[in-house]
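I have placed the structure first, in the form of structure tokens, so that the comments after it can refer back to it.
Think of it as A, B, C, D, E, F, G, H, I, J, K and L in the order they're written, each chain with its own count starting at 1.
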Amino acid sequence: MTVVKSTLPDAAREVAGEALQSTLVDLLGISLVGKQAHWNIVGPRFRSIHLQLDEVVATARTYSDTVAERAAALGLPPDGRPETVAAAYALPGAKEGWLRDDEVVRLMVETLETAIGRLRDRIDATDKADPVTQDLLIGITAELEKQRWMFEAENWPRD
Amino acid sequence: MTVVKSTLPDAAREVAGEALQSTLVDLLGISLVGKQAHWNIVGPRFRSIHLQLDEVVATARTYSDTVAERAAALGLPPDGRPETVAAAYALPGAKEGWLRDDEVVRLMVETLETAIGRLRDRIDATDKADPVTQDLLIGITAELEKQRWMFEAENWPRD
Amino acid sequence: MTVVKSTLPDAAREVAGEALQSTLVDLLGISLVGKQAHWNIVGPRFRSIHLQLDEVVATARTYSDTVAERAAALGLPPDGRPETVAAAYALPGAKEGWLRDDEVVRLMVETLETAIGRLRDRIDATDKADPVTQDLLIGITAELEKQRWMFEAENWPRD
Amino acid sequence: MTVVKSTLPDAAREVAGEALQSTLVDLLGISLVGKQAHWNIVGPRFRSIHLQLDEVVATARTYSDTVAERAAALGLPPDGRPETVAAAYALPGAKEGWLRDDEVVRLMVETLETAIGRLRDRIDATDKADPVTQDLLIGITAELEKQRWMFEAENWPRD
Amino acid sequence: MTVVKSTLPDAAREVAGEALQSTLVDLLGISLVGKQAHWNIVGPRFRSIHLQLDEVVATARTYSDTVAERAAALGLPPDGRPETVAAAYALPGAKEGWLRDDEVVRLMVETLETAIGRLRDRIDATDKADPVTQDLLIGITAELEKQRWMFEAENWPRD
Amino acid sequence: MTVVKSTLPDAAREVAGEALQSTLVDLLGISLVGKQAHWNIVGPRFRSIHLQLDEVVATARTYSDTVAERAAALGLPPDGRPETVAAAYALPGAKEGWLRDDEVVRLMVETLETAIGRLRDRIDATDKADPVTQDLLIGITAELEKQRWMFEAENWPRD
Amino acid sequence: MTVVKSTLPDAAREVAGEALQSTLVDLLGISLVGKQAHWNIVGPRFRSIHLQLDEVVATARTYSDTVAERAAALGLPPDGRPETVAAAYALPGAKEGWLRDDEVVRLMVETLETAIGRLRDRIDATDKADPVTQDLLIGITAELEKQRWMFEAENWPRD
Amino acid sequence: MTVVKSTLPDAAREVAGEALQSTLVDLLGISLVGKQAHWNIVGPRFRSIHLQLDEVVATARTYSDTVAERAAALGLPPDGRPETVAAAYALPGAKEGWLRDDEVVRLMVETLETAIGRLRDRIDATDKADPVTQDLLIGITAELEKQRWMFEAENWPRD
Amino acid sequence: MTVVKSTLPDAAREVAGEALQSTLVDLLGISLVGKQAHWNIVGPRFRSIHLQLDEVVATARTYSDTVAERAAALGLPPDGRPETVAAAYALPGAKEGWLRDDEVVRLMVETLETAIGRLRDRIDATDKADPVTQDLLIGITAELEKQRWMFEAENWPRD
Amino acid sequence: MTVVKSTLPDAAREVAGEALQSTLVDLLGISLVGKQAHWNIVGPRFRSIHLQLDEVVATARTYSDTVAERAAALGLPPDGRPETVAAAYALPGAKEGWLRDDEVVRLMVETLETAIGRLRDRIDATDKADPVTQDLLIGITAELEKQRWMFEAENWPRD
Amino acid sequence: MTVVKSTLPDAAREVAGEALQSTLVDLLGISLVGKQAHWNIVGPRFRSIHLQLDEVVATARTYSDTVAERAAALGLPPDGRPETVAAAYALPGAKEGWLRDDEVVRLMVETLETAIGRLRDRIDATDKADPVTQDLLIGITAELEKQRWMFEAENWPRD
Amino acid sequence: MTVVKSTLPDAAREVAGEALQSTLVDLLGISLVGKQAHWNIVGPRFRSIHLQLDEVVATARTYSDTVAERAAALGLPPDGRPETVAAAYALPGAKEGWLRDDEVVRLMVETLETAIGRLRDRIDATDKADPVTQDLLIGITAELEKQRWMFEAENWPRD
């Protein structure tokens, strides 16, 4: 039985739903990994990157809420439970324990880069299905690309 | 090799460290489960509980940060990665899909009640080891007990 | 005589203009009907929905201003006079007098659903004519779909 | 059947109710006409009056809410639906299309002047019936008389 | 010996003083009873009414301060001591222990209704004696009538 | 020639106009005398009364603006020029040079008391002429009576 | 029948409950007596102490809310009704009518001193029963001891 | 007898005192004349200049306070009483009644220009006597020259 | 050697990069020209347009930052140096010296109109290359079209 | 003669007093040394640590105020005069002149570590004497341990 | 023909005008070069200096506005057009493309140092001509010297 | 070796450096002595002066930061260590223990008076050496002279 009806036809809703659910997992994962790095970073750039990571986490949390509520608005119950996030998370993760500041910078460049590649595929996929969902994914990509650049610029010269 | 030195002797640090790491997992779990309920709730009390859940999530997120940073301050790298949270989470979880408002209320009563019981054990355990950590756990318990009461009061008459 | 010149060619301006004028009427209508429900609602969910309706009204008022100013920016004088709104309003309206809370919830689901369907048609219509106008309509649709979901979730189980 | 009981005797309530319902229509009409002028004004005083009109609209919206909620508080369901506002609106209206700045100034002087005259009659009418309603009407009159003066002063020398 | 002189003649001051002192007791009583309900309410409408009661308490506290300071300004020492409030309180009170949400709604409708009736008598009584005091009582009545309506609307259908 | 037309008949306008013009002079005078005392006060209560006087001045300035704009709104140009204020000022004034704190307290009690007596006469005078002006004068009186009480209470035991 | 379940065993809950209920009465009493003094104080220190009393009242109100909600969270319905406060109040009270500033200072020193003594007994009593409740009582004591010192310092040289 | 001692030698204090007292009168006069124009202005630039005048008045009021308190700080009681301002005011004044917008602009250009000329003389006069007072006068001049320019620019083409 | 890597393929990055670099120069140019007009405007509409120009400048500055950071995020170093802006600026510029208010209005209409035409070409050019960049350009166009309308409306009747 | 009476018995007061006085000196010393480092730091981490030091100083200043006022509240006059701080300061100090950033980091790790060790002794010492003072010391320790960790993490790899 | 008259004699105005115009160009140049560095910086100190540069830009923008408006206030039209800034800019500029963090630090030290030297010459030049302009230049110098020091300290050990 | 280069020639830098270093010690001393009085004051003016002292302390802290950073900006490492402040402090100090309110007032008058005299000497000394430093000292003197006056006025009649 349908609980929340959708304003999209079934095929379009399925496309949009898949894009949103996988984006939700990516963003929740980034928020957890970003906090992990925020807490475990050591090295001379500690304070600067410790603060920068909180901006990444704030971005990821805010967008995860928007993405999940958009899925619900399309009649698709979003899934952001711990077990789902752990099982479906497909971006680079953090190793256990203290993290050197240059390791954190490289981790964030890679994690955001992978997430951006996946988002750009979803932007293509939702073009016909739902321009409203596509517009949201475009906005998230713009923000993550900005965050990625700032870690990339910090990562120079690359080791 | 020790990266961040501790201001506590080893035995005390171990006790405090275990209390903080398990509290961290509980709080991150509550923040994810609380958001899951926030997104998937349906029923005539939707708006009221939808908003209340965001207060639970905000509380859990704020305290998870304090708890993890206290672990780091004691020289113990906290672990809040997705895989750790999923593996170590020991509180009641949410089922998949839409959740009726009365189901959400019961879920939150049980989840918070279990978390409070575990926190009270840790308050006892840290009494001698580290009064600073104990004081933090007391503060978290006070807040979670208040949140639990508000769902319990909403849950009446109990079904 | 042209008073305010347009930056769009005539055909595109006409398409965009029709989309904006009809959206303006829908939004002003929603703002009036939303307030009518805000004032006349009775029943055990009074306070919760009374407050929710003010968020709908605030959204509708803000977007009606943006939409009307965009029409003016394209050289088309917008029409939001009382007689125009009454004559052109095509969404479900409110009955006279007190409204039960469940009636209000159903009314808002239907009103927003109709408005969303009309907006999606205009998103298609303006795709070639004016991507700037289209982007605005996409933003309004995202917001109204979120509002619709929250009433729909509140409306469960549907009677 | 009475839904919301009144704290006033029947006769007094009827007098207060009529005064409030007609004031509600006047204020909603002013808010729509004020926005119409806000969007369609052209001429060298565009910016100054464009901003001034938003203050009139804000005043009219705030007081329409207070007036409608006072009617409800007296047990009388207020009616602010689009069709009611259009049918009952008795103040000068705006013509279609662009409006020259001096036309807007004159329109606002006349619209507010007519509204004030009607309010002063209602102040007399409610004197015995309900001093609480009367006090609200006095407050609205003070504010509209201030707004009228500012357009009148701007309108000098009168053409 | 007169400590604070009055700007009113003796007879007028006596009338105004009685009106203010009894209003003070009513408002302090409402603030205590409103908090009692805020703490003891149980039932599915817990959160919504729990929050609404805090608005009633805030209103009652603010006006009790204004009323007491006006009495002092007229040279009459106000009396808001615990024993005075308990002895002179003439509105419906709360029973001991937990309160069901529908009981709370009915209690507030009755308490506010009784307070409003008493305020309307004082508005009449102070008409000649002191229009400044009367204007304050009119303002309090407007606010309490609005609060009463919101509980009354929530109380529908009446049991 | 009439520059700004009035919404009041001539006789009523004359009554309201006289009340407003003399109130304007009183309030501007109080604002200047209050500042004079604020700057010249000496004695052990310096800081406490220095701050209190700024509240009197802020009140007097705000109300002088409201009063003058109300006169303008009634078609009567207000006169608050230095020479007019000096010539028409009828309240107790300050002596030249430093002022002892107890002198300041007595000065303010007397100045406000005289102003209140004059305002109460104007409340009576405007009762039929213009209830909107009367309501404004009532509000000013309430505020000045509160300020007077606070100086009076500070003035005890009276010397 | 138990309405709100407790997370404490029965014996501990009883100890914590008694401590919280008597603290609630003390704090509500202080808030009423503090306001009584705020309104009735006369003398050269009027303004300074008038303002200081509002800080005491704000403290007492905020903590009374925390204390009552903690009792509810432990499954014990708090009782802050006028008749309960009047009957159970055990701190020094205010006499009727105007109060000289030095009388107020002495009254507050004594009232707070008595309240602090009672709180210190409850801190001891709850040590084993509930460290969470104890921590709250410690926080209240710190604040009241600070307030007491400020009146004590103001009370010097003691008469 | 000296009440407030000065930190300046007698001759320097006299020079600074004269500069400050005459600046005080100029600024209080500008604040009164600026408000007079704010209330009495008519014409098509009403709103724009009405608002601009309030910025002049705010500037004049703020600096009059600083100037008077600096005089007091040098041991010289400032004199800003109505009769002093009226007698000593040496800048262009406003005529009685309504003022055309272009008259207001010219009045403000002339008033500020005269005040600036007098301030520049005082800057020279206080150069040796007191660099602290001089620095304050320089700051006032900068601000008044900015205000003068804005009216001057508005006054173009000059009639 | 590549310093900051791009998430776009080379061809797409080149298209997006050209669009962003030329938009950056346009926006920095508008911010400088807008300030030039803000400082040099004379005439009866001085204040109104002086303020409006600061809104244009604020818009241009904010978007120039977003545009330049987006270029950097795509791995393309943006160029906003004085010599680059002067050499590449292709919009209408301001003449030297004072500017009459009507000249300013016409200048802004033309400058914004030219910028909008160039932006619309870039919206087309980036459609396939990078929807994220395109979305940013659409947002800038919407804002500049709104600003252009407001000057156009102020420019009526056109000379 | 006792000036401010204590709510603690003599022995307990002495213990608490010693703990508070020595904590006061430590915190004032940290605030001065932290500012010294804030001003004299040089090196590539200048800005980051310059800002971090201001957070340490803000923490030390806020807690020094709380600690001193608690001593006063217990009837013990606190001593924070320059000569006392200099004589009693027992933490590592700063050398004269410019400080390299890595020197500053090491200095802060050592200073905070020493302060924390001393605080933990005082937490033990006040356990029986005064739980209210102990709770304050626990809160300070938590904050300083957090600050120490952040410098320690920045200090890695240790030289 | 003179558009805006000056309050300074011709010779003084010329001196002040030259000082202000060249300062305007310096500040606009710093704001553009500072943003260029803000966007193009790469290296491990990216975030820290990226943020610091925005403070330099904000300072330069704010003072450029004050300087240009002061020129206008003296009757001299300021010139901040792109072509003027490019032609007259005399401070060190940025090279094209990405900038290493240490290059940015050195660039800012040199740019600010050159600007300060030029400002100190203008402070001397305006000493007799216009103390008001001189005071503004002194304020700018203080701020730029502070900014220069922070880059200089960051630049240590100098390479 | 020079760490931070100066923008001043050597002789001028030495003069400015001495003025700034001795001002720094005075201001840090005032901030410590002001807090000492804030904590230890007793007497009927306790609250009023307790609050006033915090304004003195805030002023002294803010200016000490500005003064120290200006020294650093001139290439001179400031010295604000506890031992330096204690050794170099040359203003009147506080005696140990509780301080009567009139003693505090006299202490602050004397302390500020001495500091002002020393500042005026430094204003003379830096006139040729560095007008930027001189301007800062002038600003500090203005503020301290205002603070001194307020204690002086409170000190009247002098004992």
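We take it that a contact is a pair of C-beta atoms (placed from the backbone, for glycine too) under 8 Å apart; a residue touches a chain by one contact, two chains touch by 3 or more.
Quick caveat, the model's predicted, so the values are computed rather than measured.
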Result of counting contacting C-beta pairs for H-K and B-E, higher pair: H-K
Chain E and chain H: spacing of chain centres that average the CA atoms, whole Å: 50
Separation of chain D from chain L, taking each centre as the mean of its C-alpha atoms, in whole Å: 59
Separation of mean Cα positions, chain C and chain B [Å, integer]: 41
Of all residues in chain D, the ones touching two or more other chains: 3-4, 42, 45, 48, 69, 72, 98, 135, 153, 156
Chain-to-chain touches, reported pairwise for every pair that qualifies: A-B, A-C, A-I, A-J, A-K, B-C, B-E, B-G, B-J, C-D, C-E, C-I, D-E, D-F, D-H, D-I, E-F, E-G, F-G, F-H, F-L, G-J, G-L, H-I, H-K, H-L, I-K, J-K, J-L, K-L
Residue ranges of chain D in contact with chain H within the complex: 45, 48-49, 51-52, 150, 153-154, 156-157
Residues of chain G touching chain F in the complex: 41-48, 50, 98, 100
Parts of chain A lying in touch with chain B, wherever the complex brings them together: 3-4, 28-29, 32-33, 35-36, 39-40, 42, 61, 64-65, 68-69, 71-72, 77-83, 85-87, 89, 93-94, 96-98
Residues on chain I engaged by chain C in the complex (per definition of touch): 113, 116-117, 120, 123, 134-135, 138-139, 141-142, 145-146, 148-149, 152-153, 156
In the complex, chain J residues that touch chain G: 3-5, 7, 69-70, 72-74, 131-132, 135-136
